[in-house]
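Residue numbering begins at 1 within each chain, and the chains themselves are lettered A, B and C in the order written.
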Amino acid sequence: MKRFKTLLIAAAAFAAFSSVAMADIVFGTDAAPYPPFTSQNAAGEWEGWEYEAMLGVCAEMNEKCTMVPIAWDGIIPALLEKKFDGIFGSMAMNDKRKLQINFSEMYYDSTTVVIGPKGGEKNFTPETFNGKTIGIQAGTSNANYVEKYYVPTGAIVKAYKGQDEVNADLLAGRIDFIVADAVALKPFLDSSEGACCDVLGAVPMDVAILGNGVGVGLRKEDTALLEKINAAIKAFANKGGFEALSKKYKLEGLMLTAAKG
Amino acid sequence: MRWEWLPKYLPNLMFGLGITLQILVISVVVGFLLAIPVGLSQVNGSRFSKTIAGGFCSYIRGTPLLTQIWLLYYGIGSLFPLIPGMRENYMWLIRLDAYWYVLLAFTLSFAGYEAEIMRGAFLSVPKGELEAARAFGMNSGKVLRRVWLPSAVLKVLPTLAGEVIGQLKSTPLIFTVPVMDMMSVTSKIRQDTYLTYEPLLFLAAIYLILTFFITRLFAYFESYIPVRR
Amino acid sequence: MYAVAFTWELLSLGPKGYGDELLWGALRTLQISVFGYACGFALGLLGAIGKLSGGPLLRGVLNFYTTVFRAVPELILILLLFYAGTDSFNGLLVTLGYEPINVNGLVAAVLVLGFVQGAYSTEVLRAAIQAVPTGQVEAAKAFGMSRTGAFRRIIMPAMLPNAVPGLANLWLNITKDSALISVVGFTELALATRQAAGVSKQYLLLYLIMQALYLTISLSSIKLFGRLERNLRRGQPDLA
């Protein structure tokens, strides 16, 4: 009987530990920091443009939402395996992903750029990268772009688990270029250590790979949730919610947000 | 189950297998050679060298290899560019591929685990054997070379197969830094195809086969080593 | 340059420092290790009993489990189980007529670590049970004890001291293997540090502190298990 009691106490202790207040909707996002969109600050809380956008959209739906970190390279399988309800993580809506999951309306769009040493070649062509090392975050549309356009002309690719590690290695001089999102690189370039480097320019567009903006990723069967989120994005945009956030994070002019009306 | 991706990615997987095996073999050989002095100085060294060697073993065995790889590549590696003159004169050191960092991390790890076993082996050689060698007029260097080391190494060999398999099972960790090992290729396949299980199952099968071959290889070698009972 | 601009504030416990995040991560590491270890121990006990007294089919299944799970790298198993495990768990619930539950990261991490650990525990406990002198088991039978009674009152206390060194090793392994969970995005010590380092750019300093925390866990565990073994071996003849 005593042993049974200990077992009960252990089970209760475990339940107490694990029973995190389950929100109505759980969104997955990159576990590696992705400022200024999603990152966890020194107080252990989520912050960033995208996290606040999620809160805004959820307020429109009258739902309580939480954000959970998940490794980016497995985020779509994790969604399909029902680890969470949707992806709110700057996921570009490209053709390959559209075969796997549904996307909401676009809530923001920005450009893919090449970042290199200050004073680097601004009029780059694929041949510019011959023999040069380009750093990318694994599993991103930018990575697919580099593979299609720059690897055939002799670029060497290094794939990292998080954008912060790509930035750190550009700074360290281990790679020559980064191909990444213009907004995601802004905090890095604005910081004192980012003084080494500059945006050399946007890459030529390829919608099939880079996608037409960023949307919330959902499972194909969850059509009701899709409609609900679309309506909420529209409502939040009409309030000027996205624009206010861009102003708050000083990203105006760098990104396009969901249109009003 | 879908397997149509396999022919397309097989060359990449074989390349990754090559990297994985290179890191395994080099780290085991160099790590074993390092383990001998580290193990010996824990048994027979000065107090200073005992502390250093013991601390090294505790550190290697007490922290996850994953974090050791991160510390070497992102932690220590990021220091190089900050040293004045480094960018001008030692660019090759800055540009050193992650492969070398991983190789170093795996070598040190194997050395740490093996040195602890070596220490035990050195201690387990009967005192009488060493005394007999000294009685024959051998100096301490000769005792070590001709008696102590050979019999300690003989004692360690049977455990080596298990240690090498343990090291093999750590090799997927390479993929946490930018090196194209087998695990990285598998992870790439998963991103390209969105398949959750098939690429991982294939990789698991390769590791099972490698484990089998290593076991057989060591069994074969062991049959050639004379054992005195 | 950034590595020079270091202040102690970075490590403080308040909202401006990462000290509390790292300690909280260490707590999570201990938590998934403890529960994963308990799961593994329970699985191992069942597995060992099954291997020693089960039928050929059960023994075959268990042999497959222990052989394959100990030969495939832990990282691959963790990835496979993390995605497959919870899905099939929910599938089982649905077949049994229950609602699928939302398995949160913590439960998934514990189940995954426990399942991998179970294969190793099975082998350690099987060897420890086999090392119990048969005379003691026979004596228990001669006293008319039932099989479960003999197991609980004779075999368990007699085999535990044999199992402690192996079990101690498994505990040290699980505290280190728990770092692999970071690869799927579960925030424990390794991932919490990685996130802090990514934001603050203090990779070297934070990784060193993370390792110091892991080392503290390992070294104090070794001490505790040493004491536990001495305690359990009371009244037993000295083997050495």
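We adopt the following convention: a residue touches a chain if its C-beta (ideal position, glycine included) is under 8 Å from a C-beta of that chain, and two chains touch if they have at least 3 such contacts.
All values derive from a computational prediction rather than experimental measurement.
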Chain B omitted: connectivity of the other chains: one piece
Between the pairs A-C and A-B, the one where more C-beta pairs touch: A-C
Whole-Å gap separating chain B and chain C, where each centre is the average of the chain's CA atoms: 24
Chain centre separation in whole Å, for chain C relative to chain A (CA means): 33
Distance between the centres, which are taken as Cα means, of chain B and chain A, whole angstrom: 36
Numbers and ranges of chain C residues touching at least 2 other chains: 1, 79, 83-84, 182-183, 194, 203
Where chain B touches two or more other chains, by residue: 74, 78, 176, 196
Residues within chain A bordering two or more other chains: 74, 77, 81, 165, 168
Residues of chain C touching chain A in the complex: 1-2, 10, 14-18, 20-21, 24, 31, 35, 38, 79, 83-84, 86-87, 90, 100, 102-108, 182-187, 191, 194-196, 198-201, 203
In the complex, chain B residues that touch chain A: 74, 77-78, 80-81, 87, 91, 94-95, 98, 176, 178, 184, 187-188, 190-191, 194, 196
Residues on chain A engaged by chain B in the complex (per definition of touch): 73-74, 76-77, 80-81, 100, 135, 138-139, 158-161, 165, 168-169, 171-174
Chain B-facing residues of chain C, complex: 1, 3-4, 68, 71-77, 79-80, 83-84, 172, 176-177, 179-180, 182-183, 190, 194, 197, 203-204, 207-208, 210-211, 214-215, 218-219
Residues of chain B touching chain C in the complex: 58-59, 61-68, 70-71, 74-76, 78-79, 82, 165, 168-173, 176, 183, 196-197, 200-201, 203-204, 207-208, 211-212
